[in-house]
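Next up: some structures, all given as structure tokens.
Shared between the two complexes below is chain A, which pairs with chain B and chain C, respectively.
And then the complex of A and B:
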């Protein structure tokens, strides 16, 4: 489906990542947003607050992030596409409702513009230390999808993508930005509406009485209906059957939770997206995401100038992790180098999947600024040396 | 004929989920009967009516009603309902939950939804305890009563919920006990006829935990007590509605005022800023009832 032109600001713009993410949401058909201000994400909701009233949408600044993170789910069950936006401390407060969205298969988008943490940390400076929280932050077993833009242009396009993936798989999708990407201004090209692919909600065609709100289709994902359509929906965070009715036993748990996990795990190759460069014949592969992939590029160029065969893999979709691809590479390359603005998060995943076939060299950084490319270069040189 | 077959409100209930989890003598079911009767009497559009609950014994209400039912997280029924209502103002959105859910963990949302005058009917079952988790102290627990987590007696100042709702701007505020079935039904009906944030407190027995621990007898004893201790005072000053341990309970309908709902205020503001070019956001029906 093409985008609704009323939300599409077609043309060339100079936007920062936060504003571009707002435009991506509107292009994707988002007409409801709930938020609570927090640096460095506030510009997203500021722009939404200015834009939505003129296009028949609704923005509400809630009393806290706990509220914001469930208000959008109410809006989704009323039929809207909805998002909320935050940063570290607010993201922590939202965790219970990310679990609710996973359990009730509520298609919605959470943007986290990552800053230095833990706690109040470095409000105005970058971090990438919420990556594991995005994956595991709520209690219980579930799966989500997380995307990592590296530029304002991608803040636009991946926000559209986030909405599309949410609708297709009926999961909460996290857009894991960082302060640098959020606040850097670059050229953003917004295509005409008919060139923006938008996934509509999987509305059921079944009449009330026949429709079961949690009966999965062949792709393990149920179709959806909204409140007010006469279906007498029953939506609960309790373990439930296909009608949505609570069932308190192990069998129902196995059936439901297995499915909400498997619908993503078994389709990971379809959902996964990476950008690779010069992987063939590489001895060292640098795996990175977000702003760090741009910094790493510089180190990679310097390493290549030294004659080291370095390939790169950029995680556009961080979760589900591209397991099969990394596993395949692990038996071909000599080492992985993983720079990230934390003390080891996605690198743990690389290490797990590589399973000892190739070493994983973490280039850690506590956040507050980006890496010095020399430090990444040094890691590449060492990794290549160890490899030889 | 079995009792179930003659249940006059069964068309409003998910009969395939009966029996409910509620204990014998519990007041929650009584309040649901009143709610269902009010739905019939007020000829509310059932297709457009949706009930949102948080977590607790009272939080199970949404799941027994044959309507669109949302059973959310502890304390967060109001912000979820806010999303439903603001995204589709055509919906008649009811929040039905316990006092622990709405006034302790969810207290912040309660006061802000009232302040914003979000168009919601909130029915708060106040049994003076956390039933679901085994009888702990709650924000309305009266001084001196004992609880599993206040074994030597409650000593904090409890919330007077009608006063809280009133001072935050609710347009309709009432309190009844589960003894007052006709009055409660009428009150719910009245609330369906209004737009804005409406709050009804239902004092309700929890024989299994609150009554037993405090040696107050069973559900029937609670009814006798409510009958004797209730003082009808429609229009009472909400500052005077404190409830002590086994003290008189002032019941009635206390607040009935009109002020612009969130969406009405928003439309007014945006029209004044943008002029003719602003297309007003749909405000939804002025009341949930079709005739009454």
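And then the complex of A and C:
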């Protein structure tokens, strides 16, 4: 369906990534946000706090990130689309409730504008070291979806997509920005509302009495109802049956947790999204995401000028990881080069999936700034030399 | 592929960041170019030296930061001391002439001077000095069309102040035409 025009600021703008993400949320139909402002994500809540009340929505500044990360889920069960936004230290505090959202299949969006860590680290400077936390940060087995914008334009469009994926698959979706894309200002084109594809909530068509809140459809995802609509609605983080009632035994655990994992794993090829460039015939493939993919592209252009056959794969959806595609490439290329603003996170996933068929060369960076393209170039040159 | 790196420096409160936004917006929205703005965030950017950096290009910008600015706009002595040495060889230095006394000019740069604060005061509002500076910038660099920069000024200032700011732009632009380097 098309977007609700009341939330769509159609036109050309000169915006930073944080403001653009806010506009993406409003275009997607987000009408509730909770937050505890933290650098470098503060501009998102500043803008959404000013914009939401004018379209019948609400922003609540909570006492901390733990509260913010559960407040949005309350709004979702009351029928709204909702987000919260934070950075590393707050993201850590939100982990338990992200697990609750996975267990209760609560469609909601968490934005993490990554800064240098661990702990309070580098509040005003970029990092990409929360990628594994996004995937594994809460306890227990679960799956999430994570997206990585590389520009303010994508901060807009991928926030829309984050909401769409959350609604379609009923999972918490992480928008993994970084300080650089959050604070950089570029042209952002917001299309007319009728050209923005928005996925509505999977409202049940069953009458009260017949509806079961956790009865999966053919795609393994249950339809929803909201509190107060006359349906029987029981939501708990305990292992539960299709009615939502706690059932604490192995059989119920297998049925429920297997499904919330498999609904993403078995559909990973549908959810996964990468952007590839000159992969055919490439000796070396550079895999990157977020701001690093732009810096890496400069290095790739320099490498191509030297005559090296180098392709690129940009992870637009980082989780679920594009396993099948990387596995396929591993038997064709001589090496993968993975630059990231951390000491090795997504590179571990590349290495795992490549399974020894092609070496994975990490180009680590502790964060605080972006890579020097020359350093990535050197890694590409070395990898290509090893390949010959 | 023409890439121009620009750095604006001054002290917090002079409207340095807005000057950078106007130039970036003029390029990206009204002059059919690409423009990426980055800025220094953090406590050091409030009150003391602060900077805005703009990369303008005919093609897609990959690396977002300014490394060798060919144009620098410096509006305080502190900013000159801190940043002037970064100007590219043979680049352009644009300075607020009452606030910046350059001891020496680095890297063979060409210097353009404008009394932006005084010109703003003549318009009755000292705070439009950054827009005077933007007008002067447009005039001496010819990087962007004056129409695009004027549109970006009108699009970036509070509604009730558009006329005043356009006058400030014109005043700076005129100064550039009548006072070459």
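In the analysis below, the second predicted complex is superposed on the first by the 388 of 388 C-alpha atoms of A that agree within 3 Å, B and C clash if a C-alpha of one lies under 4 Å from a C-alpha of the other, contacts with A are read in each partner's own complex, and residues count from 1 in each chain.
Note that in this section contacts are C-beta pairs under 8 Å (C-beta built on N, C-alpha and C of every residue); 3 or more make two chains touch, one makes a residue touch a chain.
None of these values were measured; they are calculated from a predicted model.
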| item | value |
| --- | --- |
| Chain B versus chain C as contact partner of A:298, first or second or both or neither | second |
| Partner chain in contact with A:58 - chain B first, chain C second, else both or neither | first |
| Which superposed partner A:39 touches (first chain B, second chain C, both, neither) | second |
| Chain B versus chain C as contact partner of A:184, first or second or both or neither | second |
| Chain B versus chain C as contact partner of A:257, first or second or both or neither | neither |
| More chain A residues in contact [chain B versus chain C] | B |
| Which of chain B and chain C A:348 touches, first, second, both or neither | neither |
| Partner chain in contact with A:79 - chain B first, chain C second, else both or neither | first |
| Which of chain B and chain C A:233 touches, first, second, both or neither | first |
| Doubly contacted residues of chain A, that is, touched by chain B and again by chain C | none |
| Chain A-touching residues of chain C, taken from the complex the two chains share | 21, 24-25, 28-29, 34-39, 41-42, 61-65 |
| Residues of chain A defined as touching chain C within the complex | 12-14, 16, 39-40, 123-124, 180, 183-187, 291, 294-295, 297-298, 301, 369-370, 373 |
| List of chain B residues in touch with chain A within their complex | 14, 17, 47-48, 50, 52, 63, 66-73, 76, 79-88, 90-91, 108-109, 112, 266, 270, 274, 278-279, 281 |
| Chain A residues touching chain B - in the complex, by the definition given at the top | 32, 34, 53-54, 56, 58, 60, 62-64, 66-68, 70-80, 82, 96-97, 100, 226-238, 245-246 |
